[in-house]
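Two complexes are shown next, each including chain A; its partner changes from chain B in the first to chain C in the second.
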Partner chain A sequence: MRLNVIKAYLKKEFIDLIRNKMIILIYLIPTMILILFGYGIKLEVTHTRTIIIDNDHSKLSLEIINKFSHTKYFDVKVENISYKEALHKLQTNKADMIVIIPPSFSKDLYKGAQIGVFIDGSFPLRAVTIEGYVEKLLIHGFNIKLPIKIENRNFFNEAMRDYNAIVPGLFGLIFLVVPASLAAIIIVKEKEVGTIFNFYSAPIKKIEFVIAKIIPPFLFHSLNIFILFLWATYLFDVPFRGNFFIFWLTSEIYILISVGIGILVSIVTSTQVAALVLSVIITVIPGFLYSGILMPISSMDKESYIEAHIFPVSYYNHIIYDTFLIGQGFKSSLNVLYFIILCIYAFVLIALGTLLIKKAIK
Partner chain B sequence: MSAILKKEFLVFFRNVGLVIFVLYAFTMDIYIAGKGIKVTPRHVSIGYVNEGDIAVVNKIISHFHSPQFKKPKLFLNEKSLKEAIYNRKIMVGIVFNKEFVNNLLSGKTAKLQVLIDSTAAAQAEVTLIYIQNILLKFEHHLKTPASIDIIKLFNPNANTKWFMSLSELMSDITMLGLILIAVVFVREKENGTWDIMLLMPVKGSLIIFAKILSQVLILMAGITIAVGLIVFGAFNTPINGNIFNFYLISFLFSFAIGGIALVIAAISKTILEVAHLTIVIMLPLIFLSGAWTPLSAMSPFIQFLSYFSPLRYYIQATQDIFFRGSGFMDLLPYFGAEFLIAVILFYIGYRKIGRLF
Partner chain C sequence: MEILKVKNLSVSYGKKIAIKNVNFTLKEKEILGFIGADGAGKSSTLHAIAGVVSFKGEVVYKGYAYHSPKEAEKIKNEISLMPQGLGLVLYDFLSVGEHFDFFRDLRGLKKDEEYETRLLKMAGLYEFQDRLAGNLSGGMRQKLSLILALLPRPKLLILDEPTTGVDPISRAELWDIVNEMREEGMSALISTAYMSEASKMDRLMLFDEGEVIAKGTAQELIEKIKDYTYEGEIESNECFSFNKRTYCLNPLPLKKAIPTLEGVFFVNALKKGKKPILIEVPKKNIDVPEIIVKAKCLTKKFGEFIADNCVDLELKKGEILGLLGANGAGKTTLIKMLLGLYPIDEGELYLLGKRIKSYEDRIELKSKIGYVSQKFALYKDLTIKENLEYFAKMHSLTPKETKEKIEKYSKMFGFEEYLNSFPKEVPLGINQRFSLAAALLHEPVVLFLDEPTSGVDTVARSAFWKLLRKLKENMGISILITTHYMSEAEYCDRVVVLKRGVKIVDDEVKNLHQKYPGLDFEEIFLKIYKENQ
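For the complex of A and B:
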């Protein structure tokens, strides 16, 4: 390994990246993804557009309507329309839920009175959540004395904020997708333009070439670790309870993994478009599925549980959620184990890339 | 025009790698997303500590079963249960202490301690609802004054595969449409053949239209494969509306996306620039148009912005057709909106790229 060769190559890479304005995108895209997804993915359900058809007009039915109106979960409109018209409103997406209180509802209490609730099931999670809210609300509305009362203690995300749940998980997605595609593109670009022949014919070793190609995405994205951290803690107000050093170190290792994936992608593709599409496709889905944003990994079925442990994102996000919300750090042996696994991943991927990259036309 | 179509098809199918990617995106990718992304909690890992009467607790615990919950794990004490939650091996922990069992047996209000990892806030909330419902049903003698009859229309079992596979399909169409169509123009720009194209004795607008049509037809073939094999084939998605309406809206939407791609192509000089612009435009388009989370839950400003997004109308129309079963007349505004967006974007794009001088 000769440092001056690497230095020369690096200089060329940096000039290249800055000259074709890549640099703007390197810093724009991760921030954009974080802000868009952070604000855009809303899993909690509020402001359900609710139409209540009150055919009873009794004290009790008014009480029920009041109960619905006084939460943030429902936006209630009491309308005097037929069942058919209401159903049409559901069909044309003008309402999310209809509640029908039948005539003589309060008279029939304890004699088979029935409230009808129709929920638009197109968004499954929303439908299930709304269903739960409605049941809870109506049971409390009837003032039944429950024999068992649940006292729940929420850990890690006490206020159940959506931001705390989603924003830390996005780190694993962003640092998987963006460095990988950048690394793949800067290698494949040489193939497409033809300058790769410089590498083929010059007395430069494979390892020198790979190092020179790894360093620019690695360094540029190292700064992104801090930028995204600031967005998360200041813009989204996510608490940070762990050790910043662990957070930083793990992220650097993880970026190396991503760059390693990018090198592997660059080996099998020959055009920039193909490299971009391939690196995005193979990183986005696992990065999203196994990130723990949508579902904690412990609560996956057997198949996905095993699959999740194949992808590095699950290990990385475990540590990231820990540093943001839990704060055990390396006191927990599991975190240490996961950290070691990440180091192995980084080493294996980059070694594999160095071995497989070709230094001649086949 | 047919000559241009033929040429573009040839270029597309010659690039074997690209064909494979596109096929992958329209089949496996949608399948994986539909099968893998589960937003409603299933198989929630649960652990419990039992400090009271075994018989009563086992009776309650036996109600926690699949598909909502995994088999509950018994922990020796609260400390080891907490440790498992901290290491995120367990999502829900229930502590049955002596006081709870005594109160329950003597008919007083018994307080049940539930420890829950609420990192995934929405899922934690739904899980709490599950637990509450289980406990309600456990008390057989509990009599409610009125029964609550809840029906989830259009997707009664909250099957996430249907929803997810359609969302992923629409995201894929957006991504591929933008990239494929923009690249068709920029490749010629990069190679310097675009000016020659415009010098030909054919109208510039016709060339542009034919080029976009070629890619739209490829997209339509992909949509047919995806809907036939994955959406209907693998996931048995019901369709309450008319499939031809879906084809019509897909066709119009592809042109609207083509319009955006044309504008991208007009302002970028290299394929690399196309790639970047596509990402910058595609991500907000997909995530803020209601593909994954309902629009009504978003901030009013984003809701307003989404009126300019062709994807918004496509998503609503598709959900209306598949789930809500709307007819042609109800869908007319969506068709109109897509058409209008396409025409405006074509005009802007044509002004920039369709003329030599």
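For the complex of A and C:
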């Protein structure tokens, strides 16, 4: 391996990326994704339009109505209408939820009283979330002594803040998509324009070319690790409880994985547009689905559980969530194992890219 | 001393054979020229020798034999390849000086101030070292690519169509550089589409349809066909006529003539049993004014850059007008203004006696104008027949008319057998003829053709010109055509020469020949260009 070849390409690549203004996109896009998704995805549900039909008119039923009214989660209207009319309102999207308190609710309380709760299930995720709120409110909401006491507390994200759950997960998405597309583009551009002949016809080794093409996206996006970290901790106020060194090192390895994917994409494509589309498609879908943002991987079905473990994003996100919210670091043997798996990924992808890249016209 | 020996070299892409069984040797300080049309196999041969494509057979460079790009790695520091395309290997956002840095580091060379200065001065780029490659003209880009290829002081220089699309002045300068380096012991393989450059080569190989059809010095090649060459042009299905000469295997009662290199391709076609297509264009009278197109002081600006600067142009009834000029001289821009594809910045335009001001004015005349664009605007996923049907529908022809017209033109232009093929499966010459048919479907009275013959093989070009002349003579169609081949200017009635957006010549071809006696048109063109520095 000769440094002069790598130096030649690096200098050219940096001048090129700066003069063709690509540098702006390199730093704009990750931040944009973080801000758009960070603010855009909401897991909590607020202002559920709720109709309560109180047929009991007791002290207890009034207390229930009060509890519902005093949270941001429900917008309560107490109406004196029939069950049928209420159902009609639910069907015509005039309400999201109906709570019916039966006439003898407080009297029957210890014999087994019932409350009717009807939720609009057209968005299942929202319905389940609302259901959870209702249950929690009814069980913990007031001083009824039940035979069983449920004690629950959310660890690691005590305040149940959305940002804490979503923002760290976006790192896995951003650092999979963006370096891969950049790496693919800077190689395929040479093919598309014709400058690839400089590589074909000169006595340059494939490994030299690949290294020269890995370094620019790797270095540029290394800076993004710090930028995104600052956005996460200052803009979104996500706590950081772990070891910064582990966070940084894992992210660097992960960027190498992404660049490796980009190199493989550049081998099968010959235009910049195709390279961009392909690298985005093969990274966005796993990056999002298996990031753990929408659903923890441990609770996935068999197939998706296996799929999730094929893509590196789940390993990376495990470590990132840990460094942000938990802070176990390498004391957890699972984190160590996942870190090693990431290193293997990076090595295999880049080795494969170097091996498969052609130094000749197809 | 022999430095290169090529044995049974073949290159194929998938099932398609690009070149079959090439054999030749190259001596030290020798320039071997590859001549042939697009797709004849020149590039593939050069790529194989440069070790950038897989091939069958063997190449021996100074005693080292290689059979694959991988084995060729060892000799790549002695070989430089300049691939086809204007400055293809340049990075638009790098300056001339930065290109030198890049290529020097890439090859691991020490900075040789003296040599680099000499190269820059040879190419006339010494003053432009800070200019970005993207802002250089086509000729300058090509010269820069050439001196970059010379930077590692190669023993073997491989140039793939270095002069295509380059203006005549830059072309001459490119040759000067190559010759100067040759004096210092360099050999070169150079391909070209211009027959006129044959004289710059020591020996030639002529390529046609994936085969080498002839080898030798230009003199030897011409010698071989002199028995078949006659003066003048005749109508016959046994002989080819082109550029004031007729090539025939059977003896003719005509005076013998000194053949040109182009003749080798005709004789080869005849020997392969190919016959010229006979084109019959029925006589027809059309009613049009005497002046078809009249442009007064047309100007087009792109920002600071003036593409056409106050150009006057007149196209008369039944006339073939050739629009000549180097790349970037403003030919295509002018045609596009005449067609209304670009808005006119300044000047007046009259088509068929009518002042054209707005889009509506054009709509009325649309049915009178036919246009064939550079590279032919064909749909590659439709067969030739489907393409023609599509164009017919655009001009709202009835299905019956469409069927008749397709039948008529495919017979007339001789592409009947290809109707159900896709454009990329057929030779460029066929595409060219059926593009012309597509432009004629709605029976226009005037045709605009933008470089219809670039890259097309000689035989097909001769057929195309014959066709154009018949269209002019029998149907009275006026034709405005741009071309890079100076020999084709002879077929025009009148030529207009543009240089950097300014008209420098507008005269009948025969007048020009009288003015510059004894010169062929390429030489006349060069002279005119130099006179108007």
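The rule is simple: the second predicted complex is superposed on the first by the 282 of 362 C-alpha atoms of A that agree within 3 Å, B and C clash if a C-alpha of one lies under 4 Å from a C-alpha of the other, contacts with A are read in each partner's own complex, and residues count from 1 in each chain.
Quick note on the criterion: a contact is a pair of C-beta atoms (placed from the backbone, for glycine too) under 8 Å apart; a residue touches a chain by one contact, two chains touch by 3 or more.
Not measured: the values here are computed from a predicted model.
> Thinking of the overlay built on chain A, is A:Glu131 touched by chain B (first), by chain C (second), by both, or by neither?
A:Glu131 contacts chain B only, not chain C.
> Under the stated touch criterion, which partner chain does A:Lys7 make contact with: chain B (first), chain C (second), both, or neither?
Touch partner of A:Lys7: chain C, not chain B.
> Among the partners chain B and chain C, which is in contact with a greater number of residues of chain A?
Tallying touched residues of chain A, the top partner is B.
> Please work out whether A:Thr195 is in contact with chain B alone, chain C alone, both, or neither, and reply first, second, both or neither.
It touches chain C, and chain B stays clear.
> Output check: A:Phe37 vs chain B and chain C. Expected answer is one of first, second, both, neither. What do you get?
first
> In the superposed arrangement, which partner chain does A:Leu325 touch: chain B (first), chain C (second), both, or neither?
first
> Considering only touches as defined above, state whether A:Asn20 meets chain B (first), chain C (second), both or neither.
Both partners.
> Per the contact definition in the header, classify A:Ala360: touching chain B only (first), chain C only (second), both, or neither.
second
> Per the contact definition in the header, classify A:Pro203: touching chain B only (first), chain C only (second), both, or neither.
A:Pro203 contacts chain C only, not chain B.
> Touching chain B in one complex and chain C in the other: list those residues of chain A.
On chain A, the residues that contact chain B in one structure and chain C in the other are 20.
> Flag every residue of chain C that touches chain A in the complex, lowest number first.
For this pair, the touching residues of chain C are 13, 47, 50-54, 69-70, 73-74, 76-77, 79-81, 83, 85, 88-91, 93-94, 98, 101-108, 132.
> Would you tell me which residues of chain B are touching chain A in their complex?
Against chain A, the touching part of chain B is residues 15, 17-18, 21, 24-25, 29, 32-33, 36-45, 70, 85-91, 104, 107, 109-126, 128-133, 135-136, 138-139, 142-156, 158-160, 163, 179, 183, 270-272, 275-276, 279-280, 283-284, 287-288, 292-294, 296-299, 302, 316, 319-320, 323-326, 330.
> Using the touch definition from the top, list the residues of chain A that touch chain B in their complex.
Against chain B, the touching part of chain A is residues 20, 22, 25, 28-29, 32-33, 36-37, 39-49, 90-93, 96, 105, 108-110, 112-129, 131-136, 138-139, 142, 144-158, 160-162, 164-165, 185, 189, 269-274, 276-278, 281, 285, 288-289, 292-301, 304, 318, 321, 325-326, 328, 332, 334.
> For chain A, which residues are in contact with chain C within the complex?
2, 4-5, 7-9, 11-12, 15-16, 19-20, 193-195, 197-198, 200-204, 359-362
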